[in-house]
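The letters A, B and C name the chains in turn, as written, and every chain counts its residues from 1.
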Amino acid sequence: MKRFGDVVAVAGVDLELPAGKLISFLGPSGCGKTTLLRMIAGLERPTEGRVFLDDEDITDRPPHLRDIGMVFQTLALFPHLSVAGNIGYGMRIRGVGRGDMRTRVEELLQLVSLEGLGERRISQLSGGQRQRVATARALALEPRLFLLDEPLSALDANLREQLQVELRLLQQKLGITTIMVTHDQREAMTMSDLVVVIRLGEVEQVGAPLDVYRRPATPFVASFIGRTNILRGEASDGLVRIAGQTFDVDGAVTPGAVTVSVRPEDAHLLVGEVPERNALSGRVVFVRDLGELFECYVDCGLEEHVVVAGSPRERVHVEQGERVTVSFPREACVVVRG
Amino acid sequence: MRALKWTLTALVVALLVAPLIVVAVVSINQNRYMDFPPEGFSLDWYAQLWRDSAWRSSITTSLVVAGASAALAVAIATPLAYLLRAYDIRLTPLLYSLGILPFMLPPVISALGALVFWNAIQHSGRIENIIVSHAIFFSTLPLITVSLAMETMDPSLPEAAQTLGANQRTTFRTVTLPLLVPSMITGYAAAFVLSLNEYIVAFMVSRFAVVTLPIKIVNDLRYGFTPTIAAVAVVFIVIATTMFTLFALFGNLLRFLGADPAILERER
Amino acid sequence: MLAVFFLAPFGFMLATSFYRRIEGGFYEPAFVFGSWQRLAHGVFIERTLFSIGICLLAGAVCIAVAFPFTYFLTRMRRRPHVILLVLIMSALALSEVIVGFAWSVLLGRAAGISNILVWLGAMDEAQAYQPSFVAVLLGLCYIAFPYCILTLYPQLTRLDPEVTEAAQTMGASPWRTFWTVVVPIGRPIIMAGFLLVFVFTLGSYLIPAFLGRPEHWTLSVFISDQATFNANVPFAAAMALFLTVLSLGVVALVMWTESRTRRAF
């Protein structure tokens, strides 16, 4: 379990993270997620606030005295050591005996599917193999905390997806508390038990991936994770009016400005003008038929085009310029902060 | 560890700076004889550099030699760099090594070789000897800087010139050469400084006939000390420091010394 | 054509070394082994060993100080980083004469360290620390130091800081990280720097001449002395050629042993 305070690039973060889970720090570049991770690792000092590991205050402890294993963005493998040498480095520092070290290295090589490659030099390995070496190296001493800083960003798309699954399975198998920094929301969704969405140094939302997806707390979270339609309107007398239409929404509403998020796949397309609640009429601007899914961009008079998405089965036949009505079911209209 | 880091740095800086400070102190001492603590303050010795004709002439000689030899060095190196790139690749490393060779070996050897050479052609003790010897000896530096610039130059630029109608010579003159000018200047400056400070080759080759500044200093020291020598040293130190400070402020000193561009981003 | 330009002096030197020495300081074309025979003399051999010894020592000292120093330098913030570089480059621009002079003053009896110590009351009487072996060594290290840093600098700036951070996350203290990660990675440039200092100091004339007694003189001093004051150019030529072979030989030897140990590593 981990808890921490704040620093200049990261402000007012107060998080408590559960043990044994994979937690992602998700956010755009420069939002402070890496800084946060480095503070946990001890590579940066918080200007204010403390870091606790299992109720121990480790804020003043240097990195080599914290019980962590870390995989860096550049992987930071030692070029002067072989694969086995890299993995065994931590043990060597601790004075573990030759025999024990060798056994453990073999174990780890097996764990990451790199059997027999112990004597290879780093320069001889492929990107995916290097990633695995970095992972094995970090886990060699069975640390309490496993930290990953954008570990897959240097790999190409196919490899990334494969390794995402592998890493997640590995983490589950070992049951080790893991914190991963990423800017790729699909990666976070794939691997995490818990997602911490960070923007400009502040935490916007913490929750399980699907919760964060279905119930985004802010417009930023809504649009950063997946795609969404942001509808702005006014609330008064318990009713919400958006672009002149009455809406029933899911969530408590206070009088004043209201922002609602609706995922494209939850919206429905109806031909012609259909007067209903929770609906906006407009003109079709663009249709994208990608085979596996289709998207329809509709100009409803709002700031941005409304997007309706769906699988081919749901495809309603419309053409550019046609007048249609977009229906937003009540359960899909999520009120977001701001 | 942090303490160690700053202790080491402080120690190194102290050792680097100590001799310079001492010399500076000596140069403003009023007394003719070196002593400490210094008695009185005087800038007389600096004035001496100006008044004394022996000092003036040696300074002038050094400047002339440095200026000429550096120019000659660049003149030798530039076409050489060009040829090395244009010709058979197999010979290139060999010729390149030959070019670097005089620079890598103890200067005494080159000095002696030059001495023998000039004697053999019956042309001893003349100022041209130093100029030419220095030029050859120091041509390595402009060779390196110009070669490097050539390698990193965008090859499509001269090609573009050719598609616009310029022949080989014109292209070289109007496109390649101007682009090489910065590296030529750097090479010139380096050769200039080295020539200015060079003692052994100048000494051996001129055989007491021509007196450059380093030669004068060494000679004077043999006969006893005058604070004027210290004054010269301080002038040199100030010039060098000023030059590099300007470079650091207006140029990119780190990149010039070969630093990784990424280091410029790191704002630790 | 250009090759000739470079090789001519060498050719002449080779020939001259076989010439016969005549009275009055001149020499005539001949083919005599006299000069070469003198090389086998005790004095010469002693000089040679001394020169190699002191230059290797200077190399070791320079590297031992310059490597950690440059490593720290590359990690510094912009401001101190640049200031230090300006300082080092300025030191580089000093001529050997000035350096020799400055150190002779610093270590001398009139206005040097000992005088400061006397003034502060830590010592009774001023002492001259030069000419001496240590003085020559310090002088040699001083002139070689900036060059040493310049060869280490480019590569050390390219050392990924995450590599040392990784070592720390695995339990290595900064001290251990330095010795088990930074130094091994830096081996090639450490070797290069060491050789650079060796070759460079071997060629130094003014420092040993200034700061050392005759017993501290290196071959470079010896050779130029022979050529000028003793007017024995053929002998000087022979020695110079020997020195050339020697320099190249030592460099080759060190590089060879380095590649052997690398393989075992």
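Operating definition for what follows: a contact is a pair of C-beta atoms (placed from the backbone, for glycine too) under 8 Å apart; a residue touches a chain by one contact, two chains touch by 3 or more.
Since we're looking at a predicted model, the values are computed, not measured.
Novice: Shared touching chains for subunit B and subunit C?
Specialist: Common contact partners of subunit B and subunit C, which must touch each of the two, are absent.
Novice: Taking CA centroids for every chain, report which one is farthest away from subunit B.
Specialist: Chain A.
Novice: Could you tell me the distance, in whole angstrom, between the mean C-alpha positions of subunit B and subunit C?
Specialist: 18
Novice: Indicate the whole-number Å distance between the mean C-alpha point of subunit A and the mean C-alpha point of subunit C.
Specialist: Comparing mean C-alpha positions, subunit C is 57 Å from subunit A.
Novice: If I count partner chains per residue in subunit C, which residues reach a count of at least 2?
Specialist: Counting only residues that touch two or more other chains, subunit C contributes 173-174.
Novice: Under the definition above, what is the set of subunit A residues touching subunit C in their complex?
Specialist: Per the stated touch rule, the residues are 41-43, 62-66, 68-70, 72-74, 76-81, 89-90, 92-94, 137-138, 140-141, 147.
Novice: Quick check on the complex: what are the subunit C residues that touch subunit A?
Specialist: That would be residues 160, 162-163, 165-174, 176-177, 180-181, 184-185, 187, 265 of subunit C.
Novice: State the interface residues of subunit B toward subunit C in the complex, per the touch definition above.
Specialist: Residues 1, 5, 8-9, 12-13, 15-20, 22-23, 25-26, 29, 33-38, 80, 83, 95, 98-99, 101-102, 104-117, 119-120, 136, 193, 196-200, 203-204, 214, 217-218, 221, 229-230, 232-233, 236-237, 239-241, 243-245, 248, 253-254, 257-260, 262-263, 266-268 of subunit B touch subunit C in their complex.
Novice: Quick one: in the complex, what on subunit C touches subunit B?
Specialist: Checking each residue of subunit C against subunit B gives 2-3, 5-10, 12-13, 16, 65, 68-69, 72-78, 81-82, 84-91, 93-99, 101-103, 105-106, 108, 110-113, 115-116, 119, 142, 145, 150, 153-154, 157-158, 161, 173-175, 199, 202-206, 210, 219-220, 223-224, 227-228, 233, 236-237, 240-241, 243-244, 247.
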